[in-house]
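First chain written, first letter: the chains are A, B and C, and each begins at residue 1.
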Amino acid sequence: MDLTPLWEWFRWLYGATGVKLTIFYDAFDRQRFFDGFLTSVRLQAACLVSSVVVGVVGAWLQGSRLKPVRLAVQGYIQFFRNTPPLVQLYFFYFALGYYLSYMTDEGLRVALVSNFAWAVICLSLYAGAFNVEIFRAGIEAVPKETIEAAEALGYSRLRAYVYILLPLAFRISLPALNNNLVNLVKTTTISYAIAVPEMLYVANQIWSDEVNVPEMMNVLLVIYVSLVGVVVWIMHKWERALRVPGYVS
Amino acid sequence: MRAGPYGTTDLPVLLPFRPGARGAAEPAPGLGAAWGVALALVFALSAGIAEAQSDAGRPSTVATILKWTPLLAQGFALNILISFLAMAIGTAAGTVLGLCQISLLPPVRTGSWFMTQFFRNSPWLVLLFYCMLLLPFEVNVGGHIVPLPDWFKATVGLALPVMANVSELVRGAIRSIPFGQWEAADALAFSRRQILWMIILPQCVKRMTPPWMNLYAILTVATPLCSIVGVNEAMTLTGDALAAEARNELLVPMYAYLLLWFFLYCYPISRATVALEKRFAVK
Amino acid sequence: MTRRLLGLGAFALAAAALATLPAAAQTLDKIKQRGVIVVGSKADYKPFGFRDPSGKIVGFEPDMAADVAKKLGVKLELEAVVSSNRMQFLQQGKIDLMIATMNDKPDRRQVVGIIEPLYYASGVNVLAAKKAGLKTWEQLKGKKVCGIQGAWYNKPVAEKYGADFISFKGQAEVETALLQGNCIGWVYDDTAFAERLADAKWKDYEMSLPTIMEEPWGLAVRLEEREGPWGKFMSDMIKEWHRTGRLIELEKKWKIPASAYLKKMHEEAKKAKS
């Protein structure tokens, strides 16, 4: 479908009212803004999945019989919960990234981990620290008798965790988990600081080039609120579908 | 009953859940201190590595960091100030908004619900940019020109999401009080306002304190975001110090140092929150 | 859902309409009345503007700002700005004057009042590892290059040569990203590279491409005051700087390699006087 008339309408709008939405009529800006939108969605999806994985693994390790393992998990949680995510991101990207690069045969230094990957790693660890505690609370809410029954049936600790404890705990923790995941989706904007080309970053480039701050700010706010709104809505549906009948938290 | 996606688990067995069990696996307070020490060690170690890497003839890493410490402390004080103010403004506005959410007037209820959801769903950083770039630098209040410094605009930007979160906390806390109490008080001829102020809200305060403290901790660790919009707080000043020194080996110790500052401030708060949660837990 | 989104959009637009208020005029009177001039300057652009350990912003441009304050007989207050917020700060009236390594561009002239004559000049170049073997700008096609957010040439370089920009807020971030190999080169003002190339840390790096897009730097006041008393005052100030050779003196003080532009402007100004 040819959208040129629509784009031209926005050019006319600029001429007529001064509302400068270059993201519609300037091909370069349109492309980079759209790419930014896609990057945001990809970043959010990657962080959501890996933070849940971190949470599940962390909660399992926390129930370990080995004290050093429990201590390490506890230390990880306390570190990530009590320090600013932005500084963590800087610390990982600028400080640790320096040691994680290699020399090519031509003698050029190349980074091992990309900006995008650093953002996913760092944000997943940050949100994961909260997820571990959320899952742990969910696991504690599962009656001991259930585990004992599983053990009586010959389940190992890992199998009981995966097949019995986790599904139950997951459903109990879902409201708290959703809350944290929505926070994570909002927090992904901080990857702006390490130049991950997501929407906020691209919008900033555009308003620096075109000097149209109010327009871009409004576009950004509307898109982000809708994006987060969609996530909240999906989570809410999911929460309802998975609610444990008769269970009141 | 509907079977869950994990097979045909008999779910009602979950009924005897005691919320009091939450937080039982928290470490002893001494352990937290141990982790603070561990973080300090990471910092010391990184400073040591940096030391080994720096060229002879340059001032040592520790000396350099100490040289910039007074400046960082100034910046950190601004972070704390911003967090206090944003929390105060956000709590005051959020309480009003939360009470509006249970108003008997449908327009007030819907309007306040819109506002709460809107600010709850916007990323903090985007709100910060919004306030920073679009608020005027001074306002005219009854003929007086009141300047709005950038750190204050950032405070407003951070207070907006705090407000929305407090609004939800207030609404949730009020709804968590059994409805029978409203009916009982009504039967005793209390007015709606009296029921709210004398019976419901005093109970809410207790329930709200731990999540409210959690919110404060989240707000505090969000204050470095102000550096992105150009407020001269600890994070900005760390960056400027690194730019002035132009020594790459300083990056790890400097940022570790900044992390340590925040950890030392936030960790006691999070311990206190857990302790309160335990004490207030419904037995 | 749709209704909710529409409601939110309308709310955002209303908020924006409220938020954009015009700034007050007549800066010169206000400065004199306050006894303080607020100048926006870079804090991470050594040696043009950077911080000393006490937190004070010093450098070539802060010295210029100090000259202005001295001439007006008021106190100087420096406000740190970055490329992506300097024009907004001026528009909002947060700063009275901006001396922040800004190139003079037509679209910028529509937003802020850039004062004639201009006071410095720089071109665009790339700082890259010698091993990268950059010879032409076309080699940047599809490559990751680092940049500073808000630099005007990021977009043309990306459009014209197909470079893929990773832009950061400040120079410290870019330096690190370049040294750890997140990009093959750093596209920025050639003036920012001169000092670095003298440093041993950058001995494996070079500025091998021909400098392009050479543009003079302009200091700016609010757009509506360009022709007013404040703009006029600053214009006279710059003329005097060029005539007396004060800028060349500052260049020497901050160990900046002598620029042909300043020399030319100094000679022209002297001729115009005589």
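Here is the rule we go by: a residue touches a chain if its C-beta (ideal position, glycine included) is under 8 Å from a C-beta of that chain, and two chains touch if they have at least 3 such contacts.
Keep in mind that this is a model prediction, so the values were computed, not measured.
Participant: What are the two chains with the top count of C-beta contact pairs?
Facilitator: A-B
Participant: Among the chains, which has its CA centre at the largest distance from chain B's?
Facilitator: C
Participant: When the C-alpha atoms of chain A and chain B are each averaged to a single point, how far apart are the two points in Å?
Facilitator: 18
Participant: Distance from the CA centroid of chain A to that of chain C, rounded to the nearest Å?
Facilitator: That pair's centroid distance is 35 Å.
Participant: Among the residues of chain A, which ones contact at least 2 other chains?
Facilitator: Residues 94, 98, 193, 204, 213-214, 217, 221, 225, 229 of chain A touch two or more partner chains.
Participant: Tell me, which residues of chain B touch at least two other chains?
Facilitator: Each of 117-118, 130, 133-134, 228, 248, 251 in chain B touches at least two other chains.
Participant: For chain C, write out the residues touching at least two other chains, lowest number first.
Facilitator: Correct list: 4, 8, 16, 19-20, 88, 169, 173, 176, 179.
Participant: Which residues of chain B touch chain C in the complex?
Facilitator: So the residues of chain B in touch with chain C come to 67-68, 71, 74, 114-115, 117-118, 130, 132-138, 145, 150, 228-230, 232, 236-237, 239-244, 246, 248, 251.
Participant: Applying the document's contact rule, which stretches of chain B touch chain A when the two form their complex?
Facilitator: Counting only chain B, the residues touching chain A are 1-2, 4-7, 9, 11-17, 19, 21-25, 27, 31-32, 35, 38-39, 46, 117-118, 121-127, 129-130, 133-134, 217, 220-225, 227-228, 235, 248, 251-252, 255-256, 258-259, 262-263, 266-267, 270.
Participant: Where on chain A does chain C make contact in their complex?
Facilitator: Spelled out, the residues of chain A in touch with chain C are 28, 94, 97-98, 100-101, 106-111, 114-115, 193-195, 197, 201, 204-205, 207-211, 213-214, 217-218, 221-222, 225-226, 229, 233.
Participant: Using the touch rule from the top, collect the residues of chain C that touch chain B in their complex.
Facilitator: The touching residues are 4, 7-8, 11, 15-16, 19-21, 23-24, 43-44, 46, 50-55, 80-82, 85, 88-89, 92-94, 169-173, 175-176, 179, 199, 201.
Participant: For a test of understanding, state which residues of chain A touch chain B in their complex under the given definition.
Facilitator: Within the complex, chain A contacts chain B at residues 62, 71, 74-75, 78-79, 81-88, 90-91, 94-96, 98, 136-137, 140-143, 145-146, 163-164, 167-168, 171-172, 182, 186-190, 192-193, 200, 204, 213-214, 217, 220-221, 224-225, 228-229, 232, 242, 244-247, 249.
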